[in-house]
Amino acid sequence: MVDLIKRAKELLESSAVKVVIGYEQGTGNKTRALFAEKAEDADKLIFDSRCVQNLAAYITKKEVKEKGKMAVAATLPVMRSIIQLAAEFQVNDNNLLVLGITPESKLIEFANLIEVETFVHQYQIEIDVRNKEMLDKLEKMTQSERWKFWTDELAPCFKCYACRAACPMCYCSRCTVDFNQPQWIPVASTELGNLEWHMMRAIHLTGRCIDCDACYNACPLSIPINLLTKKMLTDAKEHFGGYQPSLKGDHLMSTYKPDDKENFIQ
Amino acid sequence: MMDSLYMPYLMRIERITYEAPGVKTFMLKFVNEADQEKFSYKAGQFGEYSVYGVGESTFCIASPPTRKGYIECTFRQTGKVTNALSGCEEGSIIGFRGPYGNVFPLDDWKGKSLLFIAGGIALPPMRCVIWNALDLRENFKDVTIIYGARTVKDLVYKDELKDWELRKDVKLVTTVDPGGESPDWKGEIGFVPTIVEKIAPSSKDTIAIVCGPPVMIKYTFPVLAKLGFTDENIYTTLENRMKCGFGKCGRCNVGKVYVCKDGPVFTLAQLKELPDEY
Amino acid sequence: MNIDKRLVRKDSLEKLFDILKQNSKKIYAPFSKDGKTIFKDAESFGGILTGYVQTTESSKDIVFPRTEKILDYTKSKEGMSVKGIDLKDIPDVILWGVRPCDAIGIGELSSIFNWDYKDEIYNNRLSKVTVFGFSCYKSDDYCFCTSVGGNPGNTTGSDILFTRLGENGDYLAEVLTEKGESVVSIAPGIFEKSETAEKEKFLAEVPVKFNHEEIKEKLDKFFESNEWVKQSLRCLGCGACAYVCPTCACFDIQDEAHGKRGSRTRCWDSCGFSHFTLHTSGHNPRDIQSARWRQRIMHKFSYMPERLSVYGCTGCGRCSRACPVDMNILENLISIQEVTL
């Protein structure tokens, strides 16, 4: 991605930003995050269809933020995360520059986050076909069949919290599970505890998740936890007309309209 | 019953003493006589005290091994377990696993003078070794205790401080931080390191044992160095996040050392070899 | 005891499985799940994964369960009644299908659980496990067992080590311990005599990638290096590497209460979590990820060899495969070896 490398070098040489976050070649066929701090580091930047890790997870990480102004190579999902993070006061134009990568893999630079938002709002969040089929299957199950499905799927989960670590929206410096007065969710991996953890996380993500699949991609055991968040997305669409991350901060879960339906209470 | 490493002894809270705001001392007796018979420990060691259903917390054993039939612990109400312990009444049953850790080498100190320096809630780990030494008073030359807290109310073991003050074979100096004195306060006023410098105890043939909050320790060590104490003759007891107490859970691992096994008693010389991760 | 070399025909493995099942043996084996492998109880031979380079998770769960109850208690008017776990409840298990790097990992785990204080629950579990190791005939870029004192046909830690003698070949079964012999005695027809089968040419090639002695020495002077920050910038601080590792043993102890009854549990933990060393006062001795990453490497390659005389790593490569952000431990160790101080 020649344009990206050129632009990254310019930004670093002029000290307009202190670090450019992008992708580089990893082990074997993997790609991984690159933190270019010197212009020559930017030569390692790549971009292709393998680059799906949501880099927005790093823009709230203390060790990266404290380097100074950041630039991030952002695909559409990453851009969505950035807007949501901005709406939640985690990033702003002073500490972040977005180097957008369009769905056609073209570089597009944004002057500010409002421009990023305008770009992002051109696209709807769509759930892919395969996962839609899985959601339909789940929808058709009885409650006890669904409970069994999730109990079985979540049984191998050993609470490594890779899903939480990889999700850009899970930036709390002290997660709910890390509090012990009270200990809301058990620490140990247990049948019920695993369900509680994933349900709680899905609910904390309602109205914020932008369906990037970072949680599923990060899970070492390939547990399809992204189905939970996708279900939240489809429910939000069905009951509230869906949502887009928005700088205005009119968050789905904290905005109330008098004609909101309540048929999800059963 | 200590059949597995993780199984605590059952202890009954015999007596609760309110020491200072948020600080209590429990006198504990073994529920099973047989456990009491088999139990022994040395000054410096600690245990894992638990409220069943809430969790375990690490405190030193604050009573000296020279007094048989019970053990004591002193703790400040800070987190989940200490809050639950604080809510226990006399007669309640709690758990105790121990003794763990290494010991103050009192035998090596025979014939020397002892200088105890403590701050605030760090007097409990020292109280064990202070009483142990006083119970074997003839083994040591001079015994000096310098103890300070933020305010008069925060001083712990107030009755014992009076005992130590009255003893002719102990020099006790108590101090409170500037602004922490009460109208009838007769002790010193000043931070502990400042008072140590003022009292200027001799370092000749003397072992210094220091325990306190990190900031107090940081400023006391240079004072002791100026007075001529070598790093091998300064002892401290380290606090660290601990869980199992027997070197397996990994939490207290600092450099090549496990605080629960190789400590918590360390000389300053040993401490200087550790990475700054405690 | 001398290694008892036997031949097991390729079709006999399933027969062996059936015989063991008829003898009411519990068998814990790797199964495929959505492209990853998990270990679970095997009811039938079909479905047990073979032909893999390495499983996703290790089998340490069988001796060091991810969640293990250590006591139950009940409060009553009379006082407190506390019950430990009954060791008799721990069943005998055959661990079917671990690689030599996992078998050797059990030994390293045992060093931790027997360091001065002996964990009897762990030892009891271990005594009831019979390990069927399977030598590696292929490896991948993540493997580095030979760099940490292992090799793809290593017998250490296995009770019987099976080596496939060529594609579609029969198996050389090296019976190494009394536990192994007792398996042979219940399935004598399966284990034919063989003194001639040699395994070396059927083992995977795993070139040595670094010198572990050199690394250990270098680490002693490496503590303040900036390399740790550079290496760990992309680390997200999850516990995936620790949990899939066969030798990581850090744990937490948690209580749960339900009215007047409750229990205490030991569960896995990871030094990579940000609050692992957090004091109640709020002080955190390792409050940046590079310090935690450094702890992982130092503990495995410097502190454990020094204090327990074993490595904290078997070169299985799982951590690197499982890591969501490609923290490749082999790559990091090689770079430590190459960096000039």
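Labels for the chains are A, B and C, by order of writing; each one numbers its residues from 1.
Everything that follows uses one rule, which is that a contact is a pair of C-beta atoms (placed from the backbone, for glycine too) under 8 Å apart; a residue touches a chain by one contact, two chains touch by 3 or more.
Because the structure is a prediction, the values reported are computed rather than measured.
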B-C against A-B, pair bridged by the larger set of C-beta contacts: B-C
Central subunit by CA centre of mass proxy: C
Chain whose average C-alpha position is farthest from chain C's own: B
Euclidean distance of C-alpha centroids - chain A vs chain C, Å: 32
CA centroid of chain B to CA centroid of chain C, Å: 39
Centre-of-Cα separation between chain B and chain A, whole angstrom: 48
Overlap residues in chain B, where contacts from two or more other chains coincide: 55, 79
Sites on chain C at which at least two other chains make contact: 252, 254, 256
Residues within chain A bordering two or more other chains: 183
Footprint of chain C on chain B - complex, ascending: 1, 3-8, 10, 31, 50-56, 78-79, 82, 93, 95, 214, 239-241, 243-244, 246-251, 253-256, 258, 261, 275-278
For the chain B and chain A complex, residues of the former touching the latter: 55, 79-80, 83
Interfacial residue positions of chain A with respect to chain C in the complex: 26-28, 30-33, 35, 53, 57-58, 61-64, 156, 158-162, 164-166, 174, 178, 183, 186-190, 217-224
Contact footprint of chain A on chain C as seen in their complex: 33-36, 38, 56-57, 66-67, 140-142, 229, 233-234, 236-240, 242-244, 252, 254, 256, 265, 267-268, 270, 273, 275, 288-290, 320, 322, 324-326, 328, 331
Interface residues, chain A side, partner chain B - complex: 180-181, 183
